[in-house]
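Note that subunit A is present in both complexes that follow, paired respectively with subunit B and with subunit C.
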Partner chain A sequence: MTGRLRFLSTTSGKIGFSIVVFVLLVAIIGPFVAPHSPTAPIGVPLTGPSSHALLGTDYLGRDVLSRLLYGGRSLIALAAAATALAYFIGLLIGLIAGYTRSMADPILMRGIDVMLAFPPILFLLVLITGLGTSTAVLIIGVAAIQAPGISRIVRTATLEVSVRAYVEAAVARGENGVAIVLREVLPNILAPVMVDAGLRFTYSILIIASVNYLGLGLQPPNSDWALMISENRTYISLNPLAVVAPAAMIALLTIGINLTGDAIARALGRSYIPAIRTAAR
Partner chain B sequence: MSAASDPVISVDDLCIRLESGEAVVEGIGFTVAPGEVLGLVGESGSGKTTTALALLGYTRPGVHIDKGTVEIGGQAILGRNPGALRTLRGTVVSYVPQDPGAALNPSMRIGEAILDVLRAHRSSHVAKDSWRDALARVDLALPGFERRYPHQLSGGQQQRVTIAMASVCEPPVAVLDEPTTGLDVVTQDRILAELKALRDERGMAMVYVSHDLAVVAEMADRILVMYAGRVVESGRTADVIERPRHPYTRGLVAAIPDLGHRGTLRGIPGVSVGVGNWPQGCPFAPRCDHAVAECDSAIPTLDEVSAGHHVRCLRWHELTVNGRDRARPSSPTASDLESVRGGDSTGDVLDVKDLVATYRRSHTGHPAVDRVSFTIGAGECVALVGQSGSGKTTIGRCVAGLHVPASGTILFDGAQVAGAAKKRPLETRRRIQIIFQNPFESLNPRHRVGSSIARPLRGLMGLSQREADAEVTSLLERVRLPKYLSQRFPAELSGGERQRVAIARALAAKPDLLVCDEITSALDVSVQAAVLELLKELQRDLSLSMLFITHNLGVVAAIGDSVLVMDQGSLCETGPVDEVLSAPTNDYTRRLIAAAPRLPDAALR
Partner chain C sequence: MTATALEVEVDAPRRGEHPLLGFLVRRTLGALLALFVASILIFVGVELLPGDAASVVLGRNASPAAVQALDRQMHLDSPAPTQYWDWLRGFVHGDLGQSAVGLAQGEKHAPIGPLISGPLKNSAILAIITGLLMIPFSLGFGVLAAVFAGRSADRAISIVSLAAIALPEFVTGALLVTLFFVALNLLPPVALVPPGSTALSDPKELILPVLTLLFASLAAGIRMVRAGMIEVLGADYVQAARLNGVSERRVLWRYGLRNGLAPSVQVLAQNLQYLVGGIIITEAVFAYPGIGTQLVNAVQQRDLTMVQSVAMLIAVVYVLLNLVADVLVVLLVPKLREPA
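== the complex of A and B ==
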């Protein structure tokens, strides 16, 4: 079967996936091909593009291109780690709450409601103020912001799937709950979860970028796209590329992920939603 | 075609195609006189619903009307712009859908929904209580009924509301798309009575679409049998049902289980051809017992058998009325029954005593199952019948360990079993298997068929992956499916195929007791016959005991040894199938039997 790559058959899937691959390549290979050091000044601050510095220099005279090539890794890795952790927690809570339909459900869900009541950025800022800023705090903080929403979606999808006859057939065979959830429920809630995953990842990027921009995440002289925007924003009229280039990278990444997520969800949906309406009833 | 002088519906040479050019409906033509009911019959995929929708000038997305004319009440329907069509729909021709639960707007009160139809077609100054008449006409003039929402209604009430909506503007024509499929017989009987009343009082012409010839025989004056987008036989109901000429029509008639006749049903072999796969010649030839070489060369013409009775078959001259396909004994002999029961009874496999089951969120305060006791002997098939909501499914779920009874005992092979499947020993779980109603939900859409069947082999039988794979092949063979299906996903299978896979999955555990929960109610009649045939054979070969839950008394007669009739949570009559169906003692049983649609006797002999 053409299976796993079927989402590429749509135009939006192709475009989105190409963009994601491009941005990821920049982030991964970038440091190896960077012409200069990301932290050492190479000339006069805030000059425009030249053959020496293709995207010009920033406010300290560092090469914008080199900083751009170095600056993706931290942001993407942090966002990916935070989203993965959020999914681990969210799936766990959502599947338990949705599948067991026991007292665990209302208790977990009220806890989730409380979590959702906090404004996300404020929550993260309070966390950083209390614990200081570090990679671990950023990851855990963003995961804590994301997990409640994920568990909501997972729970709803699980509730719907867990009354289907194929799940009951497994119950009647006496299979244990974990096996049923992993084998019968999880594969069938992937479509809504995949769409959500794309959005979540972009949202993680945006939160981390915001915190970095506010100066509470990664600290100078690290190179980071969000940090670059923050550092150079005052001088945008002198070398606009120092702000626009990193901003464009973040925008490209989020757009690409969303397009890809949509395409995947559509491909998944088509393969398993049976044509109930056309069947004899 | 019709003798009627002034038809209210006249369809001529209707062709409907997919965007890719493949025909879905080809050259259909018919007329319907005022007050006449035309039955449109065929298996799924025959094009009957597509044809019916074309009467409203509507096609499903991806399909278009290629040529032909449709005139209703002298007005051409096709080729009108969407605005003009909207005016006609509801006032000239109206539609009653198959699934009223999905067709009614869940956020609109019943009264409001009916007023909405009136407002769309009359002036906006419709009297606030105009719904009153419309509801009274379908016997729903209950106090406060118009304030209810669709989800507060039973399936039958919902369907009566859609009929009220379809008739409120008094259109001369109504298109009914399987309006009673999915309803139990008593409710179905009521809906059919309402429809007949509408026809008689208003002289409304109706096009009644269904796959069930028994229901159509009760309603229709004339019948049009469709196969692969074409009319294969048409004529007066008596001609088509009692003197069918086309092998396909005969197959459909023979496939209908009838409560007065025990014994073998004959399904139509093979599956209905899909759109785009129509063969060169007669599309039914690959499934036809009477096919000869010429059948494959060209599509036969529609020939006249007698006045108004047409058939599209090369060999209709030879297939005379006497050469009936129905192979059923007039009544089962004692030895037949004995052999079905597996000779000497070795004691009861299942013994249910004083079973009480409740639902936590029950509003009635009435238990779903109230002190029910029954036994199933070894190799016996016990049919459990009742209307929807009678608690029959709950009993099946209790036996399978999916619902924990409030009280009472379930003895399996003499030993008491726990309420929840999880608490039962592996051996018990293996020996009791359940098959579910909806073939579209009973298989995990994410797993290949082979993997679904292998699951109980691995978990309950303890086979290795390789042993399981080999066993899957032989199980598929057992339920007469080709072995390559094991690599397919459920979405690629038809309803009948899926239900066979579900049977194979249940058989994988080599069970002693099979709980079948309405397993044929979602299937076409012809497919149902084939599945019942298969189950009977399996029961005989493997000496299975069965608890067969159904609302169809014809199915009971076809497969059951004894029958339990349920009404509102308790058993109201039990006994051998022959006795209960031929001489019911309980009022409720009598009502069920009276309500069951039956073919005229002439068709059964």
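== the complex of A and C ==
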């Protein structure tokens, strides 16, 4: 295989990519094929699997399978939105700092140092205490956690690219700064900047799911995989599937993304070191 | 001045100043600055809330008189910079302030310090046990993976660690509970410590929380140890030792481990730092009465003062760990020492 799909030539790349596609399909198509409502009780709480409810019922008597099929959308959409916003902010700041080599540079670096003074989850908890919880707070909070690390990588890549001949040629032609950054710099830094997009997406999923689990993110009766785990955690011995099934979905998703990211990084000849979960580096 | 400039040029330490001392001073000042900015972020973050803090804590049906009284008790009637300064000054002097929820429930005094001393002890127990186990385990598996690099043992370790690091603590925790409680009925599913006793009184309860934290933190350590070891084991001087007939075991312990370890120190230190954040979720999973549970409860009840002080406390520990790690690494790896 050539070009962009080269990562599919490894076994772990194939497995990882298939897992990701499977989980995404479940999340996207799930709500259309769910046998029951995700929020209405269908029978006795906490029964085991039956033909009526393939994965049994949860602590309120709702169908676990239906909640599972509905429960992926919010998590994946929130994490994707947060990661996209983080890249947008990170690219903006990093490009400005790297290309202009101005005052923004030292300020940016100190800003990153400060973010490194917090466990990320703590930052989010403080924000939620102040603003209450909402999808906007989750997205902006997680983007704020990730953006400093991204902008640092963007800045380094921009510094490297902006002294290349093709950029200097554009400067000599008299093109304006914005055009140069968008047409000459940006396309050439995208590859190194996006290498760890998978890691960052996983991280967004991880932290949003954790906040949901703590009961400080999405609120009941929403069906959300993390919420399902925390709701049924107390009754785990009565219907373990109500906990294990959503746990497995989250596990498949994050492991799948990591395997794919690992394969992509290898195909690009880079090492893919899973981030230590301290801060957005 | 000229003399100093010349000395810097030849990369020698300035007269009367130890190069390490300069580094230490700079890093300490940096840490203090980070903590100062963190304190502002925490204060502003919590105070961002729209409307009046006292009425949020008291609930919607509070009488105006009660709101006013709480306002005065929490000093919310003074301007924000004064409040911030009072809070920070108290914090530095060891006075963590009063719990807003405690005051709202009609108590005259609800000092945060005594309220969190028990949970702090429990969290410390959990973190110390995990930290102590983490180091030998990452070294063991890392060396194992390096020695068998490319073979099935190595591949198994790397796949499992890649998977482990991808899992949120609550997923790992839930799966461990399913295995060890639901399926095997070996270990308790929660770690409830009765008030008055510490977590050590029933060590069995600690096993699953510790395993959960280990699972998430080991992977990075293993990978770094492995990478460091592979690099060293392929180095010329190790080859030379082998060719001189030094036994493989001696090569591994004398040459490999000693030189491969240095870069891993930082990762191990960062893992300790990870524990500070990871503990918040893990405690929630096992209803473990530590500082993380305390914090999450405070956020749920919107106990503003409690969140501020506990968050600041966690930030202090976090920054201190980072500082100690940086200094340790520089002490152990002379290569990293910057010129003064």
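The working rule: the second predicted complex is superposed on the first by the 244 of 281 C-alpha atoms of A that agree within 3 Å, B and C clash if a C-alpha of one lies under 4 Å from a C-alpha of the other, contacts with A are read in each partner's own complex, and residues count from 1 in each chain.
Following the convention adopted for this analysis, contacts are C-beta pairs under 8 Å (C-beta built on N, C-alpha and C of every residue); 3 or more make two chains touch, one makes a residue touch a chain.
These figures come from a predicted structure and were not determined experimentally.
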Inset, instruction - Considering only the touch criterion stated at the top, classify A:V114 as touching first (subunit B), second (subunit C), both, or neither. - result: second
Legend entry - First (subunit B), second (subunit C), both or neither touched by A:E168: first
Legend entry - Touched partner set for A:D224, first subunit B, second subunit C, both or neither: neither
Legend entry - Touching partner for A:D196 - first (subunit B), second (subunit C), both, neither: neither
Inset, instruction - Would you sort A:V126 into first (subunit B), second (subunit C), both or neither based on which partner it touches? - result: second
Inset, instruction - Could you say whether A:D63 touches subunit B, subunit C, both of them, or neither, answering first, second, both or neither? - result: neither
Legend entry - subunit A residues touched - subunit C or subunit B, whichever exceeds: C
Inset, instruction - Quick one: classify A:I257 as touching subunit B (first), subunit C (second), both or neither. - result: second
Inset, instruction - Would you please give the residues of subunit A that touch subunit B in one complex and also touch subunit C in the other complex? - result: 273-276, 278
Legend entry - subunit A - residues contacting subunit B, complex: 164-166, 168-176, 183-184, 187-188, 271-276, 278-281
Inset, instruction - Within their complex, state which residues of subunit A touch subunit C. - result: 12, 110, 113-114, 116-123, 125-132, 202, 205-206, 209-210, 213-216, 226, 229-230, 233, 236-237, 240, 243-244, 247, 250-251, 254-255, 257-259, 262, 273-278
Inset, instruction - Please give the residue numbers of subunit B that touch subunit A in the complex, ascending. - result: 43-45, 98-99, 178, 181-182, 211, 400-402, 421-422, 424, 426, 429, 432-434, 436-438, 440-447, 452, 455-456, 459-460, 489-491, 494-495, 505, 509, 522-524, 527
Legend entry - subunit A-touching residues of subunit C, taken from the complex the two chains share: 30-31, 33-35, 37-38, 41-42, 44-50, 159, 161-163, 165-171, 174-175, 177-178, 181-182, 189, 216-217, 219-220, 223-224, 267, 270-271, 273-274, 276-278, 280-281, 284-285, 295-296, 298-300, 302, 304, 307, 311, 314-315, 318-319, 322
